[in-house]
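Chains: A, B, C and D, in written order; residue numbering restarts at 1 for each.
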Amino acid sequence: MEAWVHLAVAILLPAFFGALVAVIFPARWRNAPWVTAVITSGLAFAASVAGLVYTASRGEVRYYLGGWEPPMGIELVMDPLSAFFCAVVTGMAFFVFIHGKTVVPRETPGKEAAFYSTALLLVGGLLGIVLTGDLFNLYVFLEISSLAGYALVAIGDRRAPFSAFRYLILGTIGASFYLLGVAFIAMETGSFNMGDVARVVPALGDSAPATVGLILIVFGIGLKMALFPMHGWLSDAYTYATSTSTAIIAPIGTKVAAYVLLRGCFYMFDPDFVREGIPLTTIIGYLGAVGIIWGSVLAIAQSDLKRMLAFSSVSQVGYIALGVGLASPLGMIGAVLHTLNHAVMKACLFLVNTNILSRFGHTDIRRFDRTFRIRMPWTMAAFTLAAISMIGLPPTAGFFSKWYLVLGSWENANYVFLGVILVSSLLNVVYFFRVLEKIYLRTDGEPYDEKNEREDAAVEREESPASMLFPTVFLAASLLVLGLANAFIVTYFIRPMIPSGL
Amino acid sequence: MTGFDVPPVAFFLLGAALLPWLPAVGRAGVCVLFPLLALVHVSLLTEGAELAVPFLQYELVLLKVDGMARMFGIAFTLVAVVAGIYAWHMRELKQQLAAMLYAGGALGVVFAGDFFTLLVFWELMAVASALLVWAGGTDRAGAAGLRYLLVHLLGGSLLLAGIVMEVYTSGDLSVRAFAEEFSPGSLLILLGVLVNAGMPGLHAWLPDSYPKSTVTGSIFLNAFTTKTAVYVLAVCFPGWEVLFVCGLIMALYAVSYAVLANDIRLILAYHIISQVGYMVAAIGIGGELGLNSAAAHAYNNILYKTLMFMGAGAVLFAVSETRLTHLGGLFRKMPWVVVLYLVGAAAISGLPLFNGFVSKSMVMDAVYGRDLGYSLLALASVGTFLSVGIKLPYYTWFYRETPRELDAVGKPPVNMIVAMGILALICVAYGLWPAWQYAQLPYGVDFTAYRTDLVVKAIHIPLGTFVVFWFFRHKILGEAKIVLDTDWFYRKPASNIGGLILDGVNRFFGACESGLDRLIVQRIVPPFRNPIKALGFKSGQGDHYDPDMDRTSLGSAVGLTLLVMVVALVLSL
Amino acid sequence: MIEFLHSYYAYWAIILLLVIGLYGMLVKTNLMKKVIGMIIFQNAIILLFVAAAFKWDATVPVLDPAYPSEDPVNYLNPLPHTLMLTAIVVGVAIVGVAFALLIAIYRNYGTLEEPVLMERMRSE
Amino acid sequence: MTMNRITWILLVLTLIATSAASYRADPDTFPLYYFVFGVLGCLLMLFITKGVAKKLLSRKEDYYDRV
């Protein structure tokens, strides 16, 4: 037991340590920052997986920073929920960093050290959010990750600074609202510690300041999560940032915000109160439902692959919000499982996007054609698999999280949500098949004949280098594994984290 | 109890797993040997045997043996063995794999004790059979295979949705008979199964794709998909009155198209639907006699229909041509094929001494008492004899001299003849000794096929049909044309209307189509190009979404955030 | 009424600051003014913590013989105040990043007026 | 294939024999009912399918291949 306590901090330290180390190497060692990032995120990933297994079997771990006990000191809490999110965050970071080996030096030449340092800060901040047991400490980590995020978005093309600025203004409003909410809760309960708050809140009964505090926290963090209609910052930020920045922010940034949502609604407060006392989860669920449709519709309208994926993120975050909105065990399983699945799918898709960009110089869907599948067969296969998973066809991972959400909606007799999930699957089909059709089927209206065949034969295979291909294909393949292993994941990792009141 | 309660599908999956590692001859051997082992295994399975594995909070029943399942299982494995012999000369790994998986899927469905297992094998069948259609290799086969797959995925989705609802309302996952009431769940399941059964309106995938498959592919295709659907209907919906009506529609609708069709494999394809119609009608009657007769007819149908498809396949193999208008006079080139085919034709027409007579008489006996339905089924049997009993063999093998371009024809290989011979032998044996058949039926039998009235009827109807045919034989053949079916609705691309506005029907279709076209092109698609504009926001301007034009100002994004916050606070306090 | 206003005057001032900050971010089109609004908004929240944790007639939590240590009423809760030191640091960091971004925007497009900026991005 | 006189005679004999058998088994039914049913049914089917359906629904073989 004693030694395992340090697991919580062992997840957190490598990222921050790596952020410091990445910048100290002389400029001649061009790969050193990359190696640092890969190693530290790999260590954090290993620690997270160990923590995940440990908490699943033996329950939570608490670590008092500096030996100060709460409520004065700050504690790190690793329970099944936070261990799960840690594993998702570090895992995605690990694979995206591997993928960045050749991409980052090309897109931001000479700034690799700064890039990896910032990216590791982002990861560290996100891990801190997930692990901390203190509300104010969470704010600090939130701002650390956000600041790193603004910086990462800003290193893009000409428009990137403006999109980063929009992100910054909106993000700061979100964080400020969060802090305001913390102020209300701290004033009402007298503590910043989540565990204390959770113990005190039920005794308060129907307390208006606590309710206001929760709502401010939820929607402040909802902005970070890009919950509809507060997603205005997302599409530009994702589109204009560099490839690897987007690939690292998109899969995990919004997910960690979803974690705070879950933590606030179901752990800090009494789920019954949040569900029935104030219709908070209902509001979140319906906003998510609208966001699902809205994101999908806008994704269909896009002609740029990266922007399409950005809007698809809005839609997918909606699923998680919808799962929270169901406020039932099945909804919670769906939301958590979808967090994992969507992180893997989105990471994979953004990596594919990077591969395409680095080989063809553009990601304009209108200019995709048949030669893509010959030039980059593995990348396109990964794209297809991820797209199928996004649509939600069995046995890929995407199916199962939607399945739990469908079951949850059915159980709650919420046919609006049910309809939304079904309709959005159709819309997903539309925007992904539009791309797949160009890659695999479209022959520009002409019947496929010998001329096409000769043209195809002339096209050479130019697959990405192994450092890019391995993470892409690995993530795509893991979608199948996650899909087949979903019962295992749900039983061993997700069910233990469901709070008793839910 | 043999103590060896393995699901029969295991043999096929094992065989399929072995195939890629074997040389060509070995593969052909596996395709006969493993089904043969499965056949032995199925026939040794005792009723009531069960194999269940836990899965989540449910229990998946991979094997559940009852009379009905056993009967279908024997038919499926038997036909898989014979089809393996028929395909002995075929060396294409892809087709062999697909065929094994397909047959395995069918057996999996039949012996599934719960709906999840059933669904998994159902989808396996859909994918494997689509591969067989694609194996045809032509562009048409490719397109038809895609349509085929899409329709079946739709059917599978309906089934899945129905199963989810059913499991949720009843909490019972097991495959069982539903009470005759239209709950959304049972209705969706029924629709999903009817897609596979080929209910007119949902059937067009069948005549669209089967004739485009390979020689051997169509042998497998004809046996499994529709008959598994019949099995599921018999188990889940016995005695549902609506099925009786469905069956009548199927039998008559399809036989009319068969009379018109020019391609021999198309004629046979339509006949699958027509014959399934008899079974569905019998299931609609329900009761022990109804279900017995449906099972018997399915069993026999699998045998003689496969035999006939083999005959058609032999023709295709020998002369690479299947249109009646381009065939003729081939009797001397393949006498054995003709004789064996005629056994199958006699069986499907229900002539005494053949197995079709026994089961068809049973079906008619079950339907007896419903005058209109009885007469309509009798009418369908007129069409059956007319199209596959006389028209098809006559124009293929006897009418006029062999056309010159077919003169240098090849001969069908021996293994084809052997396979056909085995099936023909079984058809005759079951016809001569119906008791063998009765013994296999799921329920006890109190029926005598060789009753004077039944025999007389079975002889008189074909006689009358034959006389008329002979009278008009030079007029019936007609020209090389195709006849539109409901697949028109999804096959004809939306852009081409001009050439179609020729007569009333077409004008009607054209109007619907252009209306739809207008609706889609002018109403549904443009809003998706720029949703911002479609919703009337000021910033949306162009026809296509443009991130720069449609970017909202920072102020409005802040405003939205505040709005959400205020609304949430107001709602909560 | 006067009494009510008087007893909560610190909060009224904070609410006023919050509204001013939001107004700046919501209505002003100049990006620099938006940043200023943001700073005001953030600092208002910091002030809220400071004001909420303060009480009259109490001292800092350092043991003083003049104040009986057994009565917590005599001491302030130091936690909110110390935490706000961190919050101020965070706020400064954000402002720094915001200014850096403004410089980059101005370098790219030559303006900080949002409508003009969007117009220039459009015409690119 | 040709149908010579002997074949026709055989067919007629079969018809008579079976009708007689039918009459003996059940004198109340009209023995040739199903023969007439076959003749009329076949005519009906040919008439309906060839006459009506073929006019409305039949197309050249390359109908679906034309764009």
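We adopt the following convention: a contact is a pair of C-beta atoms (placed from the backbone, for glycine too) under 8 Å apart; a residue touches a chain by one contact, two chains touch by 3 or more.
All figures in this text were calculated on a predicted structure; none of them were measured in a lab.
Colleague: Which chains, taken as a pair, are joined by the highest number of C-beta contacts?
Modeller: B-D
Colleague: With chain centres taken as the means of their Cα atoms, state the distance from subunit A to subunit C in Å.
Modeller: The separation of the two C-alpha centroids amounts to 29 Å.
Colleague: Roughly how far is subunit A from subunit D, going centre to centre by Cα mean, in whole Å?
Modeller: 71
Colleague: By the touch rule stated above, which residues of subunit A touch at least two different other chains?
Modeller: If we look for residues of subunit A contacting two or more partner chains, we find 169, 173.
Colleague: Mind pulling the residue numbers of subunit D that touch at least two other chains?
Modeller: Residues of subunit D never touch two or more of the other chains.
Colleague: Among the residues of subunit B, which ones contact at least 2 other chains?
Modeller: 551, 554, 558
Colleague: Can you name every pair of chains that touch?
Modeller: Inter-chain contacts occur between A-B, A-C, B-C, B-D.
Colleague: Report the residues of subunit A in contact with subunit C in the complex, numbered from low to high.
Modeller: Going through subunit A, the ones touching subunit C are 72, 136, 139-140, 143, 147, 150-151, 154, 158-159, 161-162, 164-165, 168-169, 172-173, 176, 179-180, 183, 186-187, 190, 192.
Colleague: Inside the complex, what are the residues of subunit B that reach subunit A?
Modeller: The contact residues of subunit B facing subunit A are 55-56, 139, 164-165, 168, 528-532, 544-545, 547, 551-552, 554, 556-558, 560-561, 563-565, 567-569, 571-573.
Colleague: Taking the complex as given, what residues does subunit C use to touch subunit B?
Modeller: Contacts found on subunit C: 22, 25-27, 29, 34, 114-115, 118, 121-122, 124.
Colleague: Show me the residue ranges of subunit A that touch subunit B in the complex, using the header's touch definition.
Modeller: These residues of subunit A touch subunit B: 166, 169-170, 173-174, 177, 208, 211-212, 215-216, 218-219, 222-223, 229-230, 232-233, 235-236, 239, 278-280, 283, 287, 294, 297-298, 300-304, 307, 406-407, 410-411, 430, 447-448, 487, 491.
Colleague: Show me the residue ranges of subunit C that touch subunit A in the complex, using the header's touch definition.
Modeller: 25, 31, 34-35, 38, 41-42, 45, 48-49, 52, 77, 79-80, 83, 86-87, 90, 93-94, 97-98, 100-102, 104-105, 108-109, 117, 121, 124
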